[in-house]
Structure formats: C-alpha cells, structure tokens
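Both complexes shown next keep subunit A, but they swap its partner, so subunit B is in the first and subunit C is in the second.
What follows is the complex of A and B.
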C-alpha cells in the first residue's frame, strides 16, 4: 500500500512537471506579450516594452524561462520559502490573484457539484428501477438535451427567462389564468409520468395533481406569496411529515415504527424552532448556521437512539436525515422572511435575480439578506453548470444500477425473501455507487478548472476568468497559476478515486 | 433473469400513496396558511436621500478590472484605473466629448507668462484640499513635475511614468511661488503639447508619497526634490529612491487598502469600496470644493468582460451604462431594449493599410533602380484598387449605418481640422470604389507587370481578414500578385521589411500633436514602413514647437496632403463605438470617443429613482 502510494505520488509529480512544461511552451508560443505595445504610437513605447520585458523575463528563451518559473514555483512546496508563481502583466503576484480567484470558483462549483451529484444519482437510480418507462424516456431525453446545449447559450436563455423574465414578473407577482391552467396541466402530466401505474390510477393522479396545483398556484398568486414568501408552521408540519415518512420508508422501512416516530419528532422540533425559537435565528452568521444544522442532526441521532426499536441504527439514520432536511426548510423559511426587505433594498430595486457578479456591492442588511443576495447571484450560474453536468451522473448511475440489479447476489437477496426496499437500498444501491466514486472524483478535478465559460458569461472572477484573461493578454504566469491548481487537484483526486475504489470494493486491491 | 419493472414491492406502493396523500394534504393546508403576510413585513428599510443633496446610485459596466490607485505608472495605466482616477481627481483642465480641452478654474488656473521662452505659471486655488483635509499645494505640483519631466530618471532609478516625458523634459527646474500653491515652468523651446502635459489626471497626493517614503511631511519632499541632483548623473539618493519606489508601486491594490491615505481624492468622488476584480464604489467627496459637485450619491463600476452579459445586465437593471465592444449583434441587441438610449459614434482607433518604402519590394524605389517616379506609380496603382467602400459596408455599416470612409491620415472627423484637410489632401483621387482600369493603366505606364505584394495582417482579427480578402480580390483584378502574410505574430514583424504592405490599427490621441512625428517622421518610433519625406520631417519638427492650436492644425493639414501625395497608404475606417444608457440616468448623451469613455463628466450625471 505504502509503496503503491509512493509510486503513484512520484508518477503524479512527473506528470505535473511534464504537463506544466507543455502548457508553458504552448502559452509562450501562443502570442507576443508585447503586441499591444509594439503597435502603439505612444512616444515612450520602447521604455514601456523594456519594462514589460524585465517584468516577465521575456529576454530569456521560453525553455529556460520555464525553469526560472519552475524555480519560483518549487518554493511553494519548500517549507518557509516565499511561494513565487511570478506576476501577471499588470504586476500583480499570481499567488495573490489565485487567493481571490480560488474561493470564487469553489463557491460556484461546490453548490453545482453537490446538487448535480445528489440529483443525478437519485434520478439515475429511479430511472434504472423504472427502466423503459415513460419517466425513463423523458429523463433520458431531457438529460441529453441539456447535455448537448452549449453553456454560453444556456446562460443567455437562463438570464432571459430566469432573471429578466422572473424579475419582470415580480414587479407584479400575479399569475394569469392562462399561466395557472398551463402550469397545472404540466404539473398533472409530470406527476402522472412520475407516479405511473394503471390507467385508472394515472387518470386519478392526473386529475388530482392538476386540481391541487391549480389551487396552490391560485392561492400563491392571490395571497401575494411571491412578494411575501414563507413556509410557516402549518405547511412545515405537512411537508415535514411527508419527508419523515419518505425518509423512514427508504432508510428503515415503514414497519419500523420507532424510526418513524423518531423522524416525526424531528418535525415537531422543527416547528418549535420556527415558532417559539424564531428569535434564535435573528442574529445569525454562517458558522452559527452550520452549528445549528449540526445540532439538528445531533438531535436526530439522539431521538433515534431514544426511540430505539429493534434496529436503533436505522432509527438514528432516519431521524438524523429528517432533522437535517427539516432544518434546511426552517432556514429556508427564515430566508423567505427576509425577502421583502431584500426586494425593496435601494440597491436591488426590485430585481432580486442577478445575471452577473457574485454579490451586490455595498448591500446593507443582516445575514439573511446577504444570504438571499448571494443566492440570487449564484442561482443562474449554478443552474447552468447543473444542467450540463446532470446528464453524465444520471446516465452513469442508471447504467451502474441496472448492472448491479442483474447480479446474482441481488437475485439471492430476493430469493432469501428480503423486502424490495432492503434489496434496493442495502444490496443494489450501495454497490452501484462504487463506480460512481471514480467519476465524482474525476469530475471535481475537472469542475475546478472547467467553469471557464460559465464564469466568463456570468462575470464571476474565479480561476476561469483568470485563465481566460491570461490567454487573451498572452500573460503566461496567471495561466500557469491556474494550471498548477487545477493540475494538482486533478492528480490528487485521481489518486483519491483509486484509493476510494479499493476501500469501497473489497475485490479490488492496490499493489 | 427477471424482467419487467423490478421496483414493484409492497413498500413502494405505500410510499406512492403516501406521497399522493401528502401532496393533496399540503395543497389543502397551503390554502389555509401563509406565514409571511404583507402586514408583518417592515416597509423598505433604506430611504432615498433628500432632494437637495446628491441622490441615487449609478452602475457602470466596464470590461477591465481595477487594480491601481495610481493610473500614471506604466503598470497602472490601464483604461479602468484612469477612469476611476478621473472621477476622484481634479485637474487644471479636462478633455470633453468633443475632444476639446476645457479649463476647470474652480481647481486652479494657469497662465502663459511668456511665449519665448515658453513660461507657464500654474496656481491651485486657495482652499482646494485632499479628502483628508490636507491642502493641494506646491508639493503636489512639484512632485508632478518631477514625475512628468523625467528629470530624475536614470538607468537604475526613475518614476515609472506611463506618459510621455518629452514635453516637460524641455523644462528647467521650476520655481515655486511664495503662496505655496503655484509653480512656474520655463521651457527651453516651444512645446506644442504643453497644455495637456502637466498635471495629468490621477496623480497621487504628494504628502502621502512623502510620509510613506519616510519623509516628515510634504515640505521635506520639496526640499528633497530641490536638493536632488539631476538623474543623468546617476546619483539618486536613497531617500529619492524610496520616494520613487513608493510612487511606482505603493498605490497598486486590487482591494480597498486599510490605510485611507492610499486612496485620497481631490475630485468630486472618492472610492468607498472595492470588491476585488468585481466592482469599485465611489461616493461624493465631502471635502471637494470645486464646481464639479456630484449629483448622484453613489457610482458603482462593475467589471463585465462579456458583451452579451453586459447587454443582459443592462436589460435586467443591474447596470445603467453599458459600453461593450461594438459589433453588429451587440448593437442590434441594445437597440432591442426598452428604457435604454443607445448612442453610436467612432472610437479614436482606425484601421489603415500602409505600403513599405524600404524593403526592396514592389513599392520601393530601389527595386526600380532608384526610380522614385516608377515606384510611386505602382503605389498609386495599388491604392487605386483598394475597395474602401466595400470594406466599410462589410465592417462598419452593420454597426453604424451612417458610417463613412476615413479620409485623413492625421485627423478623425470629430476633430476641427478634418473637413478642411479632406478637401485639400488629395483623398478625392481615391473614392471608395476601386478604379481597376486606372490601376492597370498606371502599371502599364510604369512598365511593371504583375508585381507581387505581400500583405501582413492579424489573421485572428475577423475585421482584418475581411480587409485583406476584399483588398486582395480587387488588387488581383488589376494584375497584382497578392501574397497572404497573415501572421499571429504580426506585431513583432512590424518594421522588419518582410512584407510590402500591412493592415493594422492606430489610435489617434484625440488631443495633442505628439503622435504625428511618431508615425510620419523618418526617425519616428511608429514609422514601420520606411516612409521618408524631408518636407514632412521639417513640418513635423515645426509642429511640435508650435503653440497656437490653429497653426498646429494648419501644419497637420500640410503633412496630411504630403503623405497622401506620396501614396503612403490609405486610411480605411474608424472603429465604431457604442454606449447604451438606461433612461433613468441623464448626463450621458453622446458617445465619447477617447479612452475616458463615459467617465469624463461624472459630476453631470443625475438619476431619477
């Protein structure tokens, strides 16, 4: 194991060195950093050119210049040495540029990656279980449709409808009868496809989903919900109970009553926090929010433990998961309370969904207002990234699940008389995740550097922007800086994927 | 194998039914309860300022990102830094959107005491101060001069000034007035560009430079400058070197420095917040005493590199001013927006084709045994084939339907001298339509058959490719053999004689005449095509020592005509520019051609809420 690790690490270093050399040469020969000055008719042209030559060592041939760069870069891994990745054409140290770029990219990519993985796997598993159903075909069609759209175009469409159109709607947030009818019918069709069943059941589903959706939309519109949104304790009870039942059904099975009661107790806790404990949420910061989330999960574990039952582990899991989701709903409700304040802010001027940037400059408000601001800026780019990366996760997890479901041990499990839930969740799902670990690790490496176009279109100043401006200005050092970060991430995650694979699948051993 | 739908066990059925039940229940209850009713919510927390003071926020989109509070260093001299410093600094004069130099006498005055030798006295008004309350005084004027004259420069130490030191380099060490806020400059010879050379916008405060470099105060800085030997003697004192170092790099910052002295303002606005690489916010400077009083409470500059993103952000109300790279698509998109005024105009950049005079090629007299007459005929023939109208139609008209061919090598239409110059410079011999027959006749007359012309251009710029394609098609008809020298590294090949002709862009300076000898003098730094005309050299030499603007224009017109007469090459078109302004903002009603963009008159901006 150790020797395997060492060999892999050594190989990784060599790969990074080779790749960095190639990238450096590509940049060095891609253009002339002095171009704009050469064609300038400014009287002090020569002096400006000399200054830039000195700054970027342009008088040194590229091959040697690479080693000068490497010498500085090597200091980043030597303890106590001053990390030196060179400076940009504007004289800013690349390390400083990366320091501001990396968080922006992570902020953008993390949400999109987590959502894509969660939704992608969930949808993939469900479509695998319902292979060749209308749902399967529809999901496949939609996934491939978005997969094949270029991201800059998706971005333009999202901005047009998701931001400009939605903001226009919010100016007078009333749904027209036509919108309600079309929306309700669409909802009916979607629920019918999802729930499926006999023709009679489909008819019932369609009619009830249409009627309920129409009712909800009418009510939301008539009560000005879009201007003054909220969830409220009553809805939380209903939604939370649904979630508790759903989570218990998947994690423990509904026949495990203690698990169900533990989960339901978490809904009660959530309602208490929302009503009695509301002042707790007023002065908030991100760490406190995370702490509250952790406390919620802890409460779930405790409740599961206390309710116990014949399998306390399952109870703990079900209650903890329910507590987590309910906590998110409570937080969401609190965000919604802050919505009108944000909406009417003079710097927002009633247009909460933004098409560019990461935050509204100089926004005055509490944690919740700033949270909405961040969300309003991130929602479109996250969605754009999500749409295009969803397809691969859906397809991989679907095929992986299908393969597992045909395995002998699944048949054995069924033959033993295990319930379908146990077969799917315990035997099939877990094993279907193993190949996905590799893909997820790969994708994270790729995502860090792969959001170039998205960042550019949404004007988010992360590593993609750094990279693309570097290329445009024939500015080698920022490009190399981005390469170092992306390269190391990719190589590391590759290694992690291999190790994770061997940890997850006992049949695979690393030598 | 077992087929069919595997997930059909009993548990699932319960889940499904529960889901339906939950959905129906949720719907019913939603109808009954909604927690965030209008009555509970506080009304808008922030209120608009009172009508008397500055009010409202203006958000302007820019392509580049801000990174320096000193836009006068060669590093910091990027359009966006200059734009921010324009709003946060005052100056003796500024350039308006008609490319006219306008005095700002609420900041200070300058008078020409004598024309021979040229002597100018600059006086800052009493009471003009920096945002920290320190007066703008003689130390600021003297430090400015020290920077802009290059007086203390040598190989090891210098102020890394981005501008041209040749004009103020003509001045002797200045004298300071007794009032402590005036300076007198004496030029060794007349300098044409004197009015725009001293006190360039955005110079950092001298008292800050002084204290940051370890001096006691601004008086100590004055003493240091007075005692320092001239730079050419290479004896820069350590103290002066510290001053230079701080001036060169001390004001570079991509974020708002903790120390407010690093972003002082003596202009109408002051920077109040910088979000790294994203935005810069400016608010009115409370210590500003001049006439350019702000009328808006806040200006936010947002960096948006992508043109489509800019258009959509404008449509979404996130920005009020968009000045994206002009293109037919962008213009169309902008014109499709409601509540937005679109202004088109010309930038100062223009594309032109130059012929090489000294490379032994088709246009070099040396090729014809020194027969200048013959080479001129070949040049004229080639220029006759250039389809300038077709190029205009392909590139400019889609972006600016009333666009016109550029007909001067020196002026742009926005400048006063253009119309007269065009009438007399001989450009009417080259109308937009090519004259293939005329070109053939000239070639026959010169006795040259199918000369080869290589054309250097940037192949990744679609406009230049269009230029090249149209020119080569047309020239081929007249019998020229065109060699395609499209090269990504065209910039480094300029002036090396490896091509007979080149298509690229110049940027007209708008004001000042220093650029003319750069391009057309035999020894000019921007003379890449070996053009040499003794008369032009003489006129150019005269131009830069002429003080009277009207006289300058006359000389430039003479040079223009001579250059046309030598079949130097042809100007093709000016790059169109576009700016779109939300109609809640007033104060911007033209396209400003120079590098300051919309920022030249921030104090005139007003917004309605």
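What follows is the complex of A and C.
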C-alpha cells in the first residue's frame, strides 16, 4: 500500500511537471507580452519595456524561463522558504493575487459541487428505480437539455430574470392570480409525474397538489411572507415531522419504531431551540455555526442511542440525519428573520439578489445579515454551475444504479425475502456509488473550467478572472498560478478517487 | 414468453424452413445497428431536426461564393425598420423583412445567426474529426502494442488530461483565432480534446486484442496493420462513433464559450457564442439578438446528444429495453385474463376453447 502510494505520488508529480511545462510553452508562444508597449507612443517607452523585460525575465528563452519559474515555484513546497510564483505584468505577486482569488472560486465551486452531487445522485437513483416511467423520460429529457445549455447563456438569462426580475417582484411582493394558477397547475403536473400510479391515483394527486399549492401560494402572498419571511414553530413541526418520517423510512424503515421516535424527538428539540433558545443564536460566527451543526448531529446520535431498539445503529443514523436537517431549517429561519433588516439596509436598497461581485462593500450588520448578503451574491452563479453539472451526475448515477440492480446479489437479496427498502438502500445504492467516486473526482477540474465562465459573467474576482486577463495580456505567471492550483486539485482528486475505489470495492486491489 | 409460444403454435404444421419468417434470417451487424437506431424515436427526430438546421444554415445565406435564397448577407447594413424588432410570425407563418430582427447598426440578425451557425457547425465537425483521429491513433497504438509505447502515450495523455480543457483551449484558441480564422480554430481545438477518446479506444483494444479471432488472424499470418484495421477497428466502431458525437456536442459548447470570452472566433467572422457576447449588453433593449443564437446552440447540441444516445443504444445490445413496471403490468393483465377465462369457463363450459386460448 505504501509503495503504491509513493509510486502514485511520484507519477503525479511528474505528470504535473510535464503538464506545467506544456502550459508554460503554450502561453509563451501565444503572443508577445510587450505588444501593447511596442505600439504605445509614451516618451518613456523604452524604459517601460526594459522594466517589463526585467520583471518577467523576457531576455531568457522560454524553455529556460520555465525553469526559472519552476525554481521559484519549488520554494512553495520547501518549508520556511519564500513562495514565489512570479509576478503579473503589473508587478503584482501571483501568490498574493491567488490568495484573494482562491477563496471566492472555492466558495462557488464547493457549493455547486455539493448540491449537484446530492441532487444529481438522488434524482438518478429514483429514475433508475422507475425506469421507463413518465418521470424517467421527463428527467432524461431535462438532463439532456441541461447538458446542451451553454453556461454563459444560462448565466445571462439568470441575471436578467433571476436577479432583476426577482428584485422587481420583491419591491411589491404580491403574487398575481395568474401566477398562482399557473404555478399551482405546474406543481400539480410535477407531483403527478413523480407519484405516478393508476389513473384514479394520478387524478387525485393532480387535484390535491394543485389545490394545496394554490392555497400555500395565496397564503404566502396575502400574509406578506415574501417581505417578512420565516418558518415559525408550527411549520417546523409539520415540516420536521415529515422529514423525520421520510428519513426514518429510508434509513431504518417505519416498522422500526425506536428510530422513528428518536427522529421525532429531534424535531421537538429543534422547535425548542427555535422558540426558547432563540437568544442562543443571536451572536453567531461561522465556527459557532459549524459547532452548532455538530452539536445537532451529536444530539441525534445520543437520542438514537437512548431510544435504542433492536438496531441502535439505525436509530442513531436516522436521528442524526433528521437532527442535521432540522438544524439547517432552524438556521434558515434565523436567516429569514434577518431578511427585513438586510432588505432595508442602505447599502442594499431593496435589491437583494446581486448580479455583480461576491459581497456588498461596506455592509454593516451581524453574522446573519452578512450571511444573507453572501447568499444573495452566490445564489445565481452557483445555480448556473449547478444546472450544468447536475445533468451528468443524474445520468451517471442512473446508469450505475441500473447496472447494479441487474446484479446477481440484488436478485439473491430479493429472493431471500428482504424488503425492497433494504435491497435498494443496503445492497444496491452503496454499490452504485462506487463508480461515481471516480467520476466526481474527474469532474472537479471541469467544474473549475465552468467557474471561469460563470465568474466572467457575474464579475466575481476569482481564479477565472485572473486566468482570462492573464491570457488576454499574454501574462504567463498568473495563468501558471491558476494552472498550478487547478492541476494539483485534479491530480489529488484522481489519486483520492483511486484510493476510495479500492477502499469501497474489495475486488479492486491496489498494487 | 406467452406470445412466443402462441406464435409457434399458430404456425402451420408444414415445412418449417420454407415458412421461416424474415426475422430468422441472419442480419449483418450493420443492419442490426441501423434497425435499432431507426427504432429510437428521439434520435430519429433529432437527426431530422439537425439536418434541417444544417440545410437552413447553408441554403439561406449560401456558402462561399454561392449566394442563398435570403435577401441579406451577414455583412449588409440595411436601414433599421420598426426599431429592429423581429418580424417572424408563426401564425400565419411569414418571415417578414427581418425575421430575427436587426442589431444596433441595422445588420440582419437572421443572416448573422445563420453565418454563426455555419461557422460553429464547421468548427464542431472539425474538432470532432480531428480529436477522433488523434484519439483513435493514440488509443489504438497503445492498446495494441502495449509495452513502452503504451506507457509513453498514456503518461502523455494523463498530462494533457489534467490541463483543464478550457485552459489549453483558450491559450490555443486565442492564438489560432488571431492567425488563421475558424479553420485553424477547429483543428487546434481538436488537438486538445482527444484524451477521452484515446482512453476509451485503448480500453477497447486491450480487450479485443486478447480475443480468439485476433489470435486466429495472427496465426494465419496477418500483419499488425491488417489485424488493427480489418479485425479490431471494426469491432471498436461503436465506441468510436458514440464518443465522436459526444465530442462534437461538447465541442460546440467549448467553441461558443471561448468565442463568448473573446478568445475564439475573431471579428469580422462571427459565431453563435460571439453573437451572444456581442449582444448581452443590449438584453433589455434588444432581447431578440440574444435569444436566437442561444436557441440555435441549444437545439444543435440537444440534437447531437440525442443522436449520440440513439447510437449508443443501437451499438450496445446489452442495454435491452426491460422495464419491471411494464412486466408487472403485463403479468397482472395476464392474471386478470386467466381469472376471466376461468370464470367464463366455469360459467359456460361450451366456450372452453376460446377462453383458455386467450389466457394460457
């Protein structure tokens, strides 16, 4: 194992070196960094050119210049040495530029990746379980459509309708009757497709879903919910119980009563935190929020352990998952309570969904207000990235699940009388995830590529902007800096994927 | 099962060989694939739509020196009529003076979109074929000969793979777009998009070269070139075709994205991506300039993807159409028919023949 790891690491380093050489040569020969100075008619042109030549070592031939760059880059790996990735044409050190660029790209890509993987896998599994149903066909078509969408086109559309349209709506947050009717009918159709069955059942689903969604939309509009949003204890009880039952049904099965009670107790705890423990949430920062999530999971594990039952492991799992989701809902409610404050802030002036940048400059407010601000800026670019990468995860997990469901061990599991839930969750789902590990790792690089375009549309100062300006100015060092980050990420994830593969699938041995 | 039994029972008791239906006659692999592909409704519809788009793009504004049936060219600057609004009417159908509208200076958006479609499609096809060619050569060489050649080629592929395609493509495209126009752009983009194809072809060659028919060919004294071209490559054609279509669908997105960033096709030429980036600032005043090029990208890409899906189903006989739900429904219907038959049989014994015939 150790020798395998060492060999893989060595190979990765060599591949990185080779690739960085290729990229460096490509940029070096793609144009002349002195072009803009050559055509300018400034009096001190010669000095400026000389200064730039000295700055970028342009008097050294490209192949040797690469090794000069590599010498500086190597210092990043050596401890206690000054990391030096060169400087841009303007003389700004690349390391400093990267330091400010990486976090904003990382935020964007992480959010989109996590959401795309979760939703994509869930949808893929469900469509695989109901192959060739109306749901399957609709999802297949939508996945192909998303697959074919140019990300920049979607991003501009989102900007136009998601941001400007939604902000205009928030100025007078009332849903028109027309909107309610269309929305309710759409929700009716969607629910009918999801919960297919006999024609009678479909009709019942359609009518009830339409009526219920129309009622909800009318209530939200009439009670001015969009201006003063919130979840509130009553809705939390309803939503939370639904989540507790759903999670228990998937993780433990509803006949496992202790697990159900443990999950429901977590909903009670959530309501208590929301009502009695509200002051606890007022002074918050990001670490406290993470701690709070961890405490919720801990409470879930404890409750599952106390309720026990014939399979305490299942109870713990169900309760912990429920606790985590309920905790997210409680935090969401707290964010919503800060909404009016953010909305009426002088820096925001009633246009909460932003199309430019990553934060509102000079915004004053507590953690929750800043959280909304960040969310308002990230929601559209994340959504654009999500749409693009969702499609492939849906397709991959669907085909992977279909393949697993045809395996002999699944038939054996059915034949020995296991319930369909156990067959799907225990035997099929876990094994269907194995090939996805490699695909996820492989896609990370592509996601960063998509981020380049998205950042460009939404003017986020991330690695994409750094990269594009670098290419256009024939400025090798920032481009190399971005490549180093992306390349190391890609190589690391590929290595992790191979290790994960051998850990998950005992048939695969590394040697 | 039931239908099969019934069919054999229905056959007249004469000479079975002379009565054998067409389906039992051997079909070549190509015929089978074609038959399965023609049975894929979405793929056929997409193929027709794609051909229509290509015909529209070529015939409307013509190609090269040959002029098409549309009155404006993408470089003409007619006077702006009606604020440049699109005149396309679906019912009753009429194109009008400027079906897709006009831009700020008055150029006809339909002609420009058609020109953009032509260029984007040309680049797509070029990328597809260049990348497929390189990928097949590298994959076939490393998969067939193995040894040091495989190590060198595959390490090289690994190297290219970890350079995100947008990075290598934009460096290359910026240069290519500036020097040689869109032909070069297509060729150069092909030079960086072959990695997936190479890996797949190598995988296929690795398994195929161990098969008996390759051993047989080698024992019969066939040369390496003959084995590769006559024995292995035809068997890998499914993977190659499917992957080429997928390459093309990603190529059109790559080209339009690069042109959108200003790194791909350079003016005075235009492409669908460039049209979108030129017109996004005018979205509030002239939204039609933004919609049409985008819709054409989506339509072309969607069609190529569906054709690729159809080809995959056609080439891969393991992916049989089998639905648990449909089988459950069929078995329920069968059970119902049996119950009905039994009920009618007990009620009216003289109708026994007809009842059991339907239910068995």
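Just so we're on the same page, the second predicted complex is superposed on the first by the 506 of 511 C-alpha atoms of A that agree within 3 Å, B and C clash if a C-alpha of one lies under 4 Å from a C-alpha of the other, contacts with A are read in each partner's own complex, and residues count from 1 in each chain.
By our rule, contacts are C-beta pairs under 8 Å (C-beta built on N, C-alpha and C of every residue); 3 or more make two chains touch, one makes a residue touch a chain.
Owing to the predicted nature of the structure, the values given are computational and were not obtained by experimental measurement.
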Touching partner for A:507 - first (subunit B), second (subunit C), both, neither: neither
First (subunit B), second (subunit C), both or neither touched by A:31: both
Broader residue contact with subunit A after superposition on the shared chain, subunit B or subunit C: B
Subunit B versus subunit C as contact partner of A:471, first or second or both or neither: second
Which of subunit B and subunit C A:416 touches, first, second, both or neither: neither
Touched partner set for A:150, first subunit B, second subunit C, both or neither: second
Partner chain(s) touched by A:456 [first = subunit B, second = subunit C, both, neither]: both
Contacts of A:92 with subunit B and subunit C, given as first, second, both or neither: first
Touching partner for A:46 - first (subunit B), second (subunit C), both, neither: first
Doubly contacted residues of subunit A, that is, touched by subunit B and again by subunit C: 31, 130-131, 133, 152, 156, 160, 456
In the complex, subunit C residues that touch subunit A: 155-156, 158-160, 162-168, 170-172, 174-175, 178, 249, 253, 256-257, 260-263, 273, 276-277, 280, 283-284, 290, 294, 297-298, 301-302, 305-306, 309, 321, 323-326
Complex contacts: residues of subunit B adjacent to subunit A: 1-2, 5-12, 14-16, 18-20, 22-27, 29-38, 40-48, 57, 65, 67-68, 74-76, 78, 160-166, 249, 252, 254, 272-273, 275-279, 281, 298, 300, 302-306, 308-309, 312-313, 315-318, 488-489, 491-492, 494, 504-507, 509, 514-515, 518-519, 525-526
Interfacial residue positions of subunit A with respect to subunit B in the complex: 31-32, 34-36, 38-48, 51, 90-92, 96-97, 100-101, 129-131, 133, 152, 156, 159-160, 163-164, 167, 191, 195, 197, 205, 208-209, 212-213, 215-216, 219-220, 223-225, 227-235, 237-239, 241-242, 245-246, 249-250, 253-254, 333, 336-337, 339-341, 344-347, 349, 351, 353-359, 361-362, 364-365, 405-406, 411, 419-421, 424, 456-459, 461, 465, 469
For the subunit A and subunit C complex, residues of the former touching the latter: 11, 14-16, 18-19, 22-23, 26-27, 29-31, 130-133, 144-145, 147-153, 156-157, 160, 445-446, 448-449, 452-453, 456, 467-468, 471-472, 479, 482-483, 486-487, 490-491, 494
